[in-house]
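Quick heads-up: structures coming right below.
Shared chain: chain A. Partners: chain B in the first complex, chain C in the second.
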Partner chain A sequence: MEALSLLQWLIDGLIGIGLLWLAWRALFCPELFKAIVLFIAFGLLMTLAWVRLKAPDVALAEVAIGAGLTGALLLSSWAKLRGFDANKGMGAREKNSEQAEQKTKRPFFHGLYAIPLLLMAVGLGYGVLQLTPYATGLSAVVAENLDASGVSNPVTAVLLNFRAYDTLLEIAVLLLALIGIWSLGIRPSVREATPDPVLDLLTRFLTPLLLLVSAYLLWVGAHAPGGAFQAGSVLGAAGVLLILAGWRLPLSLAGLPLRITLVAGVSTFIVVAVLTMLGGAQLLAFPPSQASLIIFVLEITATLSIAAILAALFLGSRPDHSEKI
Partner chain B sequence: METFYLALVFFLLLNLGAGMWRVLQGPTAADRMMAAQLFGTTSVAVLLLLGQVEGDSALHDVALVFALLAAVTAVAFVRRAWSEPEKEHDSK
Partner chain C sequence: MGDFLLTIPWAVVLILLPLVGAIACFLWPKKVNQLGLITLGGVFLSVVGLGAWLLENGVYHHAVGGWNAPLGIQLYADGLSLVMLGITALVGVAVSVYATAYFDRSQSERFWPLWLFLLTALNALFLSADIFNLYVTLELLGLSAVALVALGGGKAALNGAMRYLLASLLGSLLFLFGVALLYHTYGSLDLAMLSEQVESTPTVWMALGLMSAGLLLKTALFPLHFWLPPAHASAFSPISALLSALVVKASFYLLLRLWLEIFWPISGSVAGLFGVLGVMAILWGSLQALRQTRVKMLVAYSTVAQIGYLFLAFPLAMGAGVTAWNAVIYLAISHALAKAAMFMAAGNLLRFGGHDRIADLDQLAQRLPLTIAAFALAGVSFIGLPPSGGFIGKWLLLEAALMQGRWDLAVVMVLGGILAAMYIFKVLGYAFTEASKPSKVKTVPVRMEWAALLLASGAILLGFLAPLILPLLAIGTPFDAFSGNEEIMP
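Then we have the complex of A and B:
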């Protein structure tokens, strides 16, 4: 028994030290590519840390969003930045003089940054001091009301019933990020090399699997770790894989149909919120008899929207559908 | 049996330490990326072992998603971030 606890202690210690070390190296690494790889490794180790903390729900979210798609997004951004630098290589001298100019302005701006940071620190400190020293947590309340939530997984019950507005706002944040990127301009038509046979074969094998796993995660979310965000990011990964293999959305679908898919999650949420308020209940307070169905509909639309938003984020900028066909 | 599984987990985590060294040292981008992929594969094994120790089948799902998405990251690297030196010249 002693050997067992010693081993567990060693494993947790190794994960903890590894996390701190990776975070430190990723933050202070001058090479961008190295920092990205360190960040991917950090996400993978973080998943193991969540598993050790007995939070498989968070581990699943971390692996689906943190380790999986963020890595692909960062690598793609890095490649774009590198191309940008190569094009602007001639103007390196100008850049240097600009940097020198910025350096002279820096101390003043540093002072300005300090004010909101200090205010935030004071606010956070005040908030922490206001907390009751011994909180019992809300898990007992959740367990008590689980029957009325329509699902048997407490995490899904909290995310999509008791605190559904959190999920609503999370999807809204994703949508806002995409709108921000799209406002930067239309995607320049990049010619990519045709995929080699290996990638072609891999895509053919992997895409159906990703679709299947995504549907499974959506379904299993009702009673075990899983749910809309995880399913959405796995489905989004299928989109990313197809984009990488050279597949593009048909032009007829790149306009209105794509936009409807992008906003479907948020708009379904808002419609449900308005309907529950019209019914005399509070915002997003589902009647227990229909909660299961409502959550299922919300999760399906949210999954589709999240997947479309993540794949569109990876594509970078707005797909051009108005140009020549 | 639990002790054996946990000992294996510990051994695999030590392997990850070796992988970290390659991420930092690896002379080429491909070396670093391969080390990150090693992180992914090893983590799948760790997750399956921990799932066995804790009897939690949800960890198998985590491992499954892990394995699938690691492949997508690898494809993103090869397609977007990595270019063979000889191909650098004839890019259009």
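Then we have the complex of A and C:
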């Protein structure tokens, strides 16, 4: 027993030190590409940390969104930046000389920044140590009301019933992020991707598997870790794979049909909100007998929208504006 | 009929309607102007409806999902929320009308969804009483504001937007850190519950520091204002108007709420620091405004200065209580109207001459009289001349300062007014004289001139409306709880 707890200490210690080391390397790595890879590794290790903290829901979200999709977005931005630098050799060279200029000033300013940051770290560390070891939390209240929520997974109950209004706004944030990026009017890359045979084969294998995993996560969310955000990001990852393999949405679907898919999640939420109000109840108050069904409908549309939004974020430009702008 | 109207949950309409509008604008880009204007009209009417409800019934309280605190999210509206919602709707309508003439086809397709998301975030923020939900509204607000700045395209706007994004994200994260600490300690996210429970412990002090720092960064109080001038000056003019008039006020409102509800009883003493920063902001912002050579940069730095006044209330509230808070809200709403008008006027100048160099304003007083009148009227409110909203606000603030013998703050307020007069007259002076090199001119749509003029007149009109607005602000007595009155007058 003692040996086991020693082993756990060892693992936790390694994870903690590894996190700090990866974070440090990712921040101070001069090569952008390396830094991104280190960031993804950081996300994976963070997932392990969440597992050790017995927060499997957060772990799932971290691995799918924190490491997976954020990593993919960073890599695709890196690829675009590289193309930009190669196109404008002059611009890159100017930037280099600017950087060199900045480098001469750096050591001094780094020292200056370090003092307040160190003070802040000490203050925060002291404050965190002062915290009560066990949070008051609302787990007991959630458990008490779980029967009326329509699901048996407390995390899903909070996200889609007790605090469904937060989730409504969060899905709106995700949609807004995409609309914000589209409004920049970036031109889609004209270069047609030539499907690499290995990637092509991998995509053929992985896409059905990802679809299956996504459906499972969506279904299991009602009583175990999983749910719309995780399912949506796995489905979104399938979309990213397809895009990488050179697949594009047919132009006939890239206009209004795509936009409807993107807004379906938040729109369903709004429809449910309006219906509950018209029924004379509070905003987003589900009758316990139908809560299970309502939550399932909300989760299905949310999954579709989240997946579509994440894949569209990866693509970066509006798929229906290829000839316009 | 009247009874029926009072049964409509206006607060919920205020959140859902602009969101529906944003989605509709995204789905049907061909109809954005009509869809947007209808939404704005609906939002304006809903604020009136909510006002009528509040006058009849006192504060509004809605447990979302039927779950009471601490399990669920609570919506809450009192006089303070109502006044902020009202000014948002008013500025929103004017900017929207202005925008229909300002933007071309493809620009308005991109502008409207983002602006309606911004409006959703503002309304949701003013109505929420749950600190995590407030964090979500802050994210919605920050992202839409950054995307709006970036609409300007070009190097300056994209740079400004990037800086703004980083500052805004850092602010949100600091706020979230504070939320986590409070939740960990008290097991609740509800403002009312927290206000009953907080004690002076290191954890609460850390939450106070983190949340205040995050919100000060978003409000751009000196010395955290570095991101504001480039972002506000490089955006399209109607967007600058929205950002300066409403977005910085939203984070200020949130800071004020947190202090009134949670932090005031434990840390009234820190308020002095806010006062010092406020004084520095007034002086630094005004001097920088005076140095600018372009109208929009000048107006942006004037925002930095005007934000300073809002923070003078914190040290004064200890003794003057409600007067100081009333003063500051009056200043905030006058500034919202006047600053929106001024940015619109700057947009008109840009449209007319193709530039906003102050030295080349070439007799605009004769050629764009309505616009220059709008600029001057808005300026009157900043200087604090009677009869304007700015005058009432400054008068109340001066009263609060003199009551406590804070001559230093009174002197700074007067000095800020003189500096404001100097930078306003710098622009007006050039608008009356002939420039050395005449430039080609374009016509400015009538709608754009009138929208600016009407808003500026609104800022003046506020000077007469104090007997009407102060009672509205008192609904639910948002300032009484910890205004310090109990200690001074037992």
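By definition in this document, the second predicted complex is superposed on the first by the 271 of 325 C-alpha atoms of A that agree within 3 Å, B and C clash if a C-alpha of one lies under 4 Å from a C-alpha of the other, contacts with A are read in each partner's own complex, and residues count from 1 in each chain.
Just so it is clear, a residue touches a chain if its C-beta (ideal position, glycine included) is under 8 Å from a C-beta of that chain, and two chains touch if they have at least 3 such contacts.
Since we're looking at a predicted model, the values are computed, not measured.
Enquirer: If we overlay the two complexes on their shared chain A, which of chain B and chain C does A:M46 touch? Say first, second, both or neither.
Expert: Neither partner.
Enquirer: A:A308 in the overlay: touching chain B, chain C, both, or neither? Say first, second, both or neither.
Expert: neither
Enquirer: Output check: A:A264 vs chain B and chain C. Expected answer is one of first, second, both, neither. What do you get?
Expert: It touches nothing on chain B or chain C.
Enquirer: Looking at A:L241 after the superposition, I want to know if it touches chain B, chain C, both of them or none. Which is it: first, second, both, neither?
Expert: First partner only, chain B.
Enquirer: Check the residue A:L298 against both partner chains and state whether it touches chain B (first), chain C (second), both, or neither.
Expert: A:L298 sits against neither chain B nor chain C.
Enquirer: Quick one: is A:G18 in contact with chain B, with chain C, with both, or with neither? Answer first, second, both or neither.
Expert: The answer is first: A:G18 touches chain B but not chain C.
Enquirer: Both chain B and chain C touch chain A; at which residues?
Expert: Correct list for chain A: none, the interfaces share no residue.
Enquirer: Taking the complex as given, what residues does chain B use to touch chain A?
Expert: 2-3, 6-7, 9-10, 13-14, 16-17, 19-20, 23-24, 29, 32-33, 35-36, 39-40, 43, 46-47, 50, 54, 56-59, 61-62, 64-66, 68-73, 75-81, 92
Enquirer: Quick one: which bits of chain C touch chain A in the complex? Just the residue numbers, please.
Expert: Contacts found on chain C: 9, 12, 16, 19-20, 23, 26-27, 62-67, 70-73, 75, 106, 110, 113-114, 117, 120, 124, 132-133, 136-137, 139-140, 143-144, 146-147, 150-151, 153, 181, 183-188, 201-203, 205-206, 209.
Enquirer: In their complex, what parts of chain A are in touch with chain C?
Expert: So the residues of chain A in touch with chain C come to 123-124, 126-127, 130-132, 135-138, 141-142, 145, 161-166, 169-170, 172-173, 175-177, 179-185, 256, 259-260, 263, 266-267, 270, 273-274, 277, 281-286, 325.
Enquirer: List the residues on chain A that touch chain B in their complex, please.
Expert: Against chain B, the touching part of chain A is residues 3-4, 7-8, 10-11, 14-15, 18, 21-22, 25, 33-34, 37-38, 40-41, 44-45, 47-48, 51-52, 54, 56-57, 59-60, 63-64, 67-69, 71-72, 75-76, 78-79, 82, 191-192, 195, 199, 202, 206, 209-210, 213, 216-217, 220, 224-226, 230, 234, 237, 240-241, 244-245.
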